[in-house]
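Both complexes below contain subunit A, partnered by subunit B and then by subunit C.
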Partner chain A sequence: MPPLHLVWRNLTKRKARFLLTAGSLAIAIFLLCLLRSLVVALDAGVKAAAADRLIVQSKVSLFVYLPQSYGPKIASVEGVERVMRWNWFGGYYQDPSNFFAQFACDQDELQAIYPEIQLVDGEWDDFLRDRKACIVGEATASKYGFKVGDSVPIIGALFPKTDGTTWDFRVAGIYKSIKKNVDDATLFFHYKYLENALDSGEGSGPAGVGIFVVKMAPGSDRTEVMSRIDALFEQGPQVVQTTTEAEFQAQFVSMIGNVPLFVSSIGGGVMVAILLAALNTMLMAAREQTRDIGVLKALGFGDGVVAGVLLWQSLALCACGGGAGILLAAATEDPVAKMLGTVFPGYEVTSATLWAAAGATLFVGLVAGVGPALRARGLSVIDALRRTG
Partner chain B sequence: MAFVPFSYNLRSLVVRRTATLLTVLGIGATVAVLAGVLALQQGFATLFVENGRDDVVVFLRQGSTNEGDSVFSLERAQILMKTLPDIERPVDGPPLVSAEMYLAVRREKVGGGETNVPIRGVQQGTFRILGDDIRLLEGRAFAPGVDEVVVGSKLADRIADCRVGDTLVLNTTPFKVVGMFDHSGPFKSEIWGDRDRLAEALERPVFNRVIAKLKDGADLADLKERMESDPQVPCKVMTEREYLGSQTTAFSFVLRVLGAFLAAIMGVAAVFTATNTMLAALAARTNEIGILLSLGFKPWAIFASFLFESLVLGLLGGVVGCLMALPLNGVDTGAMNFQTFTEVAFAFRVTPEVMVVAVSFSLLLGLLGGALPAARAASLRPTQALRRD
Partner chain C sequence: MAALIQLRGLVKGYTRGGETLRVLDKLDLDLEAGGFYALMGPSGSGKTTLLNLVGGLDRPDGGSIVVDGEDIAAMSGPELAEWRAEKVGFVFQGFNLIPVLTAQENVELPLLLTRLSRAQRKEHAKSALELVGLGDRRSHRPSQLSGGQEQRVAIARALVSDPMLVLADEPTGDLDRKSADDVLALLRLLNEKYGKTILMVTHDHAAAQQARTIVHLDKGGRLGRIEVVR
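And then the complex of A and B:
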């Protein structure tokens, strides 16, 4: 172990350089954490998916609707406890840029099938009683200032109102999800409201069901229930594919395609940049300390100690910078999540991300320190002492 | 008015070549990330915008933003096609107008996973309108009224069952792949077949858009205005170029924001590195500055000299960054078109604009990185500088 106070003195000898290098490391490590957290957010829904829920969707396309008649047929399948219709509404609040998801779903089934949805304000009964009621996620509610009792006007892009007006939903509750598979940004309303409006001609749009969400009876075999449902509609009119909730979520990640690769390439660029920054600083430091190294060696310190001083200097530098970056990433988790908010829910700086960042920091510290350390080890006392500046 | 000779700075960059190299590479990595993101944006945007025609108009349902959520009933499409006077109607042939069906279908990727591939049911009119823009590369065109499709050239290697001779099952109907076609724009990522056959197989008895070639001298602005308030078929009219351009705005915006965000964050780190390097240069040359000052060079000349050196560092970094990004040019990639939720294949394009932005950015990094050291150098007094070791 080299004398640590010497390591620290060397490190802070040039304060500006120390702060600038540590600062750029901090920024870069923070950026790495942020990028990784974005990729993690893509997968969050997959990881938290419930095992007893199945999704029945069209095998042909995300945009193909299933006949209403499928509902009772699915409900009668052995192993199916509950079935809920679920339609993407695709509207927006005031302006298309105010994006949050709205879903029409069978109001009586929602609470039973999605126990993770917990009201933090308002009453379930109130939601169930009023045909035009809705519940809104906490994130969306706070972003747009929706309160229980407010009326939320939504412009139907996919389901336009015939008279050109907005769909008005009364907020009966604000919810918070206790798991990541449901975000806190969605607005849920009565399927019946949409259905009646389409029947009466009050609104227009696709008449079928987007997806059916199935809750399995306890103890039933998942694979069997899935193939029983698929078999029902093998001959059409619309072929379905029944998947677990995890697979359903995973398909969206797969459809986004190259994004994880793209983010990794950026991460690679960031790593290169910080590696160079740390290396640059360590080489400059090592050159300036050449005479000190000579003095240490002349005093009888071994090659190992002398090399250690430089290696530890590099590690300490990176620990300061990287550590600050990691702290920054952890501390900004909530504000960043809030900023990404309703558009990109699920941002979370996991401990795995922080550990990966710590690993990257250590790697940079070692790589930047090894060169100068080896050089110091190999220097002869005479050469080292002769050098100036 | 005497500048410190520029050769002095260039030589000192060579003398301190390790630090120069590391700094240049660090700036280069930052610039390369920015250039890469911009090249992605350029590739995506030009694929759409440059291949849209001004003499072809697209009719969408009012209020819809893309052909995925636009719908025309058979009657409404017929009215459009039969009655509009602005459409080119050759005396010796059918009018240049076509109603199309569009659906993003779920397909397996070659490497596993699912993605959304646009499938377009076209009438023969589409081929008459687009003419040579659609080029058959292999096999033959599909026969009208038969369960056959042709596939875009970018699908063969990415999507399962998309080679000539394969059979593609849509819902319950098998379609034979009889040809492969090319197009300079986004059509090369699509599957095309006979609209009536596809509509029946997919149970979609509607059209999604109508396209037409404008008659010579037709007044586009007038047509747009007329159709907006048309009593029978109110619809949104855009030229093909405008339509394709509108498809890129969301993704281009995301990429620009991402590019700017990464550039800002990584840029701060790069500025820190450059400042470090310049501070070290200053420390090593304090003596020389003393000499320069005693020779009669003014402080502003010293300031300019250091800033120049830093700008050279930035410029070199910019050039290196462009060189690092250049191999990306022409590399095929895929990305999600958020509007229709389908995957589009395109190539990165490192355009001159991208390089100009990249190099300007690198000069800015050099300028910012050099400002503090240059100011410090300029504030030295000759005696003080000469005395320093």
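And then the complex of A and C:
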């Protein structure tokens, strides 16, 4: 074991360099945690998807609407217990920057098909009774200050009102999801409200159903149910594709590009950058300490101990910087989650992410330190003492 | 009296730019325990090379170096490091203190290789610094000391583990006369009072006169005359 007080003094000898390198490590490790947490948030919906739910969509594209008549037909398929229409509304609250998801859905089916949606304020019955009622996720409610009884005017971008006014919803409940496949940022409202407005000409927009959400009967074979639904509409007018909820979530994530690959690429770049920063610092430190290395060897310290002085410096440097980054990531979890809010719901810095960051820190420490350490180990006493600075 | 250090047929050369330069050429020399030897000679006579070989910092190309009955030329690297820690104290021309450590911590360094407790190490280092007259400078860093004080700290470091042999390479080379005299007085004290065998490389005739014996090396690493001073 090298003299640890010597390790620490050498490390902090040039305070500005130490602070700058440790600071850059802290920021880089924080960024790694942030990026990984975003990927985890994206994957959370896929992982938490219900096994007994299926999604029926157009085989052509998610943006091609299905005929209303498909609903009863799907409901008649053996193994199907419940069917719910589900349309992306695509509106915004007051300003386009106030983005959160709104879905029109069959209100009577929502609670039965999505038992993970649980009201923390308000009443289901109140939601079901009033056609203009909606329920809002607590993240969105908290962000915009919505309370039960409030009126929420939404400007329809995909479904504009023909007279240019807003769609007015009354908050009947605030919900929280107990599983990550449903976020806490969405506004759900009555499908009938949208349907009637389109039928009466009060609103305009694409006719038809975005997707059908199917809840399977207990004990039914998923593959068979999916095949039966697909076979039902093989001859059109719209060919459908039935997928599991997990596949649908994964497809939805992939629509915004290969995010995990993109984020991993950025993470890889960050890793290389911090590795170079740490390596540069350690190479400078090793050069400056060459004579000290010679002195230690002359005094009788073994090659391994002398190499350890540099390796431990590298590990200590990375532990300081990486540790600060990890602490920062853990400490800012709530503020960052609030900031990302409805854009990236489900942001969470998991313990797996923190361990991965610790592993990355250790890796950088070892790689940055091993070169200078090996050089110190192989240096002869005479050569080391001959160095002047 | 049996020689503490026996050099037989010692050969050492360096290759520079494809040319081999022989620095020591079949050198035979006996140095007795308790002696204070000054090594003198012109540049290129192999004084520092000889000191490094005797101290186990470098390895000979041929011949043997027997110190206190052990052939250190035959030792492995780790064995040699252990031997240095136990038997030799070094004093360098450039002091070679670790700049980030205090005087006390510099002196304690060799004791980290012993089984002494932390408290014992501190006590030993404190005593060594008091011996060299720097008891009140223990918490000073090398940059806060004068050259003479730095060299005295280096001497304290060399003697703290109670080695039988102290090797000094131009210990007064970077010092003014007054500081040089203080350092030489200390070396004499180590030799006369504490019985340490001292081998000192120097160009300085006045410094050499403090030794008991002056060993002259000729150009090419051959043994010249041996002069008994005191």
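Basically, the second predicted complex is superposed on the first by the 385 of 389 C-alpha atoms of A that agree within 3 Å, B and C clash if a C-alpha of one lies under 4 Å from a C-alpha of the other, contacts with A are read in each partner's own complex, and residues count from 1 in each chain.
Here, a contact is a pair of C-beta atoms (placed from the backbone, for glycine too) under 8 Å apart; a residue touches a chain by one contact, two chains touch by 3 or more.
Note that this is a predicted model, so its numbers are computed, not measured.
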{"item": "Clash-or-fit label for the pair subunit B, subunit C on subunit A", "value": "fit"}
{"item": "First, second, both or neither for A:28, with subunit B first and subunit C second", "value": "first"}
{"item": "Vertex subunit A, arms to subunit B and subunit C (CA centres, degrees, nearest 10)", "value": "90"}
{"item": "Touching partner for A:151 - first (subunit B), second (subunit C), both, neither", "value": "neither"}
{"item": "Partner chain(s) touched by A:235 [first = subunit B, second = subunit C, both, neither]", "value": "first"}
{"item": "Subunit B versus subunit C as contact partner of A:227, first or second or both or neither", "value": "neither"}
{"item": "Subunit B versus subunit C as contact partner of A:9, first or second or both or neither", "value": "second"}
{"item": "Which of subunit B and subunit C A:274 touches, first, second, both or neither", "value": "first"}
{"item": "First, second, both or neither for A:251, with subunit B first and subunit C second", "value": "first"}
{"item": "Subunit B or subunit C, by number of subunit A residues touched", "value": "B"}
{"item": "Subunit B versus subunit C as contact partner of A:94, first or second or both or neither", "value": "neither"}
{"item": "Three-chain overlay, closest Cα atoms of subunit B and subunit C, distance in Å", "value": "7"}
{"item": "Common interface positions of subunit A, toward subunit B and toward subunit C", "value": "none"}
{"item": "Subunit A contact footprint on subunit C (complex, rising order)", "value": "52, 55, 57-58, 77-78, 81-86, 90, 92, 96-101, 105, 109-110, 112-113, 157"}
{"item": "Contact set on subunit A toward subunit C in their complex", "value": "3, 5-6, 9-10, 13, 291-292, 294-303, 380-382, 385"}
{"item": "Touching residues on subunit A, where the partner in the complex is subunit B", "value": "14, 16-17, 20-21, 23-25, 27-28, 30-31, 58-64, 90, 96, 157-158, 160, 235-239, 251, 254-259, 262, 265-266, 269-270, 272-274, 276-277, 279-281, 283-284, 288, 388-389"}
{"item": "Subunit B residues within the subunit A interface of the complex", "value": "18-19, 22-23, 25-26, 29-30, 32-33, 36-37, 40, 63-65, 68-69, 103-106, 109, 113-116, 170-172, 202-204, 262, 265-266, 268-270, 272-273, 275-277, 279-280, 283-284, 333-336, 341, 343, 389"}
